[in-house]
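Dropping the structures in below, format is structure tokens.
In the two complexes that follow, chain A is the common piece, with chain B as its partner first and chain C second.
What follows is the complex of A and B.
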């Protein structure tokens, strides 16, 4: 019983991280119809930026996070204005090729600049154990889960309750009508991509402080994020959160009671079952858009 | 008509390429993963190899010529490593190959080396069956999982006094092979097995595994993992409040491992074929030269790259030419004084005679607890001491 509680707690923590990692991907797909294969690399760049800010520039964690968000947001904006802009409204394939190319470019550039060594980011709290009854967590993990919740909530509020968010939703519903109503859609697309990039980067830095990061980390992150997004429904906010938690807990239970060596099989099983029984995901995008 | 015009051009081209091997450098090809998940370790190997070549060239090279090291990225993948081998042999006309790092990649390059009759040496790949394939061009200047397990089990039992051990390994040939080899050897010494579990390359969260470990009742845990995974795992063992003796194989006793693992590295044991503070004048010289070139002390893979290139260059020198069968004979006659012992090869091309060390990390440094020699695998356990 104690073991079960610990497994579920482990699963919920990693599930929260999966949710945050997947959120940027689902947002960009839901609002822009761009399948961003460079998502994992943006996550990786967030970790590398966070490392640069805290270790090389000597900033504290929160100042480093703010700087990382600012720089990565600007990067996201530029990527949209100078790259994705060129293939907009040409269907999905050109943007897929573009983002795959971008992911290769980013990995190798980072490899050239930072090297292959694993990077550790100093967290804001010590990694001391916290005992909740029979369950062990660390202060940093509790903090990271809280930070995930805050970031997810903030992104939700931006989209639901700001002028920019309304413009985003309007542009997604009908770009032509949005333009006729006076919305600068180019700016809306760039903001959306910047927001998605910032979410990926914040996940990269947050998780880099708990584990460690390295320039080849992107691939695995993209893989899990795609599982979460397919399970939750492409473009669904709630889907990313629920999908992340389901994947986290399922992996923890499989690892706990069957074997940890085969845990990656869970993601594939989930994708296959979702595509067979609920091809649009648990939260159909028909009902709710991010 | 067209053929006639092309003929002289082609003839020149063929002559140029036939003339290529007769140039004034001796070319050796090195295949290492320079990108991907083990890029960090592959780069260290390549650095060691470069140092060996630089030193040899400063001392006059081999066969009176300078050695040219051509490095290709095999990415630890069989397909890319084979492409790299083809390119090195066909286009660069190397006289010998070193490398491929991952056992699966090395295994894929072996038939290529045999096809083109090119001597091929690995300084890293430890999967036992590689030297049992009867490939006459293949040599290994590294320990196998089984040899390491055999050499260390007694040391571990004597020094750590463990009764019940849990085994955790990365989920590939090497990790599974190491966990099994140590489990077998330690069981032979009467140590109980608490559990055997594996995790995937690049895994970041080990809490599920650690929950099982905590419930297993083990008093020690064996871990087969490389720098990145091993450091994350060790950190989480400490966070999780598990107080067990940890001993690992892989690139553990390096300054980088200690740097990224921090306080959590305190007190852990590592079974390593090389550590920078091994005693001996030959090692001191190597550490000094390596540190001067790269600003940090060499680890297991840097030493592996350094040793494998030196062994190959010695063999070419001994061959007196670049003929493949003469180099193979030269490799068989190897008796190389390395920073970590004296390398020799069995008839199958398996290296032995070098030292391995059990080290403990204390105050951010590695303390050598004991050293042991990788014995000639043809000899039985009874002759271990020789």
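What follows is the complex of A and C.
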């Protein structure tokens, strides 16, 4: 019984990261109809940037995080303006291929530059254990989960309560009408992509401080983010959070009770089952596919 | 149609003469890899170019074929002439099951679920140690008995002709499929699903046929791979093969029969040329994919066809009556 609670707690911790990394993906899909296959690579770049900022430049964790967010936000903006914009309104396929190409390029270029060694990011807190009843966590993990929650909340506030967020939602509802109302939709798209990139990068850096990060992590992260987004429903904010937590707990339980070697399989089983039985996900309000 | 058929025949004749003119094992090996990739790219093209959906899980069928051939050969001692066709059949059976599930979905959902199937199979191959030997892989797959006392050069020549035979079978099947009612229906579905449905074409049925044929051909290629390399590991399900196949189909031009062949030739030669630079090569591949999507969305064959059609229109001829094999 104690073990069960411990597994669930571990699952919720990793679930928070899944939620944060999936949020960027679902935002980009919901607003731009772009399925970003390079999402995991942006997450990975976040981890690498965080490592560069803290270890190589010697900044402290929070300054490193701010720098990472700024740089990755700019990267996201540029990717949208120079790549995605060229295939906008051409349907899904060109953007899928384009982001697959981007992901191949980013992974292998990073491998070339940084190498395969795991990169550790110095966390802001020591790895001291925290006892919550029968459950043991480390201070760093509690901090990272709190940081996840803060970032998710911040993204929510940006979308709900700022001028940019209103423009995003208007563009999401009807791009043409938004343009007629004087919204610069090209800028909104670029901002959305930048926001999604920043969310992915922050997840990469936070997780890099708990475990370690390495440049070939992107592929698996992309896949897990897709699992979460499909489970929660493409474009759904709440779905990404619930889906992330479900995936985290399911993996922790599978790893704890069945086998640790095949943990990654559970996500794919979830995807296959979701797509067969509830293809729009748990939280999607739209029915759009023919 | 005529143009494609004639080009294919000429290419076939050149390939037939190749091993007789070349006495170099390394060149023959490259030739064999080109042919292997030609089969794979052709099979992926059936799905990407004729179903119009993008599969990232095509390595599932390559891997299934390779493991089937390797297991049949190692556990039951079957010879290569039996294992390679059986590899195709097993892949096709899985194609029926996987297609029945995945072809209900479209766009990004299809991409992700096909990828999920390939990953599940890779994880199973890596973890089910009793059956697949796990990460150690299956080594020592038997070479055909014919080669017991042949010289290495003769063995390479034998494999070259075997691969050429497989390529010919694949292209024949693909050609017959594409220029049949099946193929025309598939092109109609690809171009406009709703128009196709309104004239009585059931998209699912035709997509399924193309998918299963693609799975069968990839399985054959997998079976050949197992016997030629004599080792099969979980990497046959991996993303590296997938990337190569995608690039070949895209560069050559999806929805044409010659395009994937051209792509297989170009990419295999480029891979060999850049062999020393493992990661840089893949970086370049990523850039190539992006460049092709942005600047050459229909691939080389699309570009050439476009040029050819423009030329035809300048010099008036019977282009209006020429049977179009679907716009590339």
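The criterion applied here is as follows: the second predicted complex is superposed on the first by the 285 of 290 C-alpha atoms of A that agree within 3 Å, B and C clash if a C-alpha of one lies under 4 Å from a C-alpha of the other, contacts with A are read in each partner's own complex, and residues count from 1 in each chain.
The rule is simple: contacts are C-beta pairs under 8 Å (C-beta built on N, C-alpha and C of every residue); 3 or more make two chains touch, one makes a residue touch a chain.
Since we're looking at a predicted model, the values are computed, not measured.
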| item | value |
| --- | --- |
| Partner chain in contact with A:216 - chain B first, chain C second, else both or neither | first |
| Contacts of A:145 with chain B and chain C, given as first, second, both or neither | neither |
| Touched partner set for A:16, first chain B, second chain C, both or neither | neither |
| Partner chain(s) touched by A:265 [first = chain B, second = chain C, both, neither] | second |
| A:32 touches, of chain B and chain C: first, second, both or neither? | neither |
| First, second, both or neither for A:105, with chain B first and chain C second | second |
| Touched partner set for A:65, first chain B, second chain C, both or neither | neither |
| Which superposed partner A:96 touches (first chain B, second chain C, both, neither) | second |
| Partner chain in contact with A:42 - chain B first, chain C second, else both or neither | neither |
| Common interface positions of chain A, toward chain B and toward chain C | 107-108, 111, 259, 261, 264 |
| Of all residues in chain B, those that touch chain A in their complex | 35-37, 39-40, 43, 171, 197-200, 202-205, 207-209, 211-212, 215, 227-228, 231-232, 235, 239-241, 256, 260, 262 |
| Interface residues, chain A side, partner chain C - complex | 29, 35, 37, 83, 86-87, 92-94, 96-98, 100-109, 111-112, 219, 223, 226, 230, 234, 259, 261-262, 264-265, 268-269, 271-272, 275-276, 279, 289-290 |
| Chain B-facing residues of chain A, complex | 3, 6-7, 10-11, 13-14, 107-108, 111, 115-120, 127-129, 136, 138, 207, 211-212, 214, 216-217, 220, 251-252, 255-256, 259-261, 263-264 |
| Of chain C, residues touching chain A in the complex | 54, 56, 101, 104-109, 111-113, 115-117, 119-120, 123-124, 127, 193-194, 239, 243, 246, 250, 279-283, 285-290, 292-294, 297 |
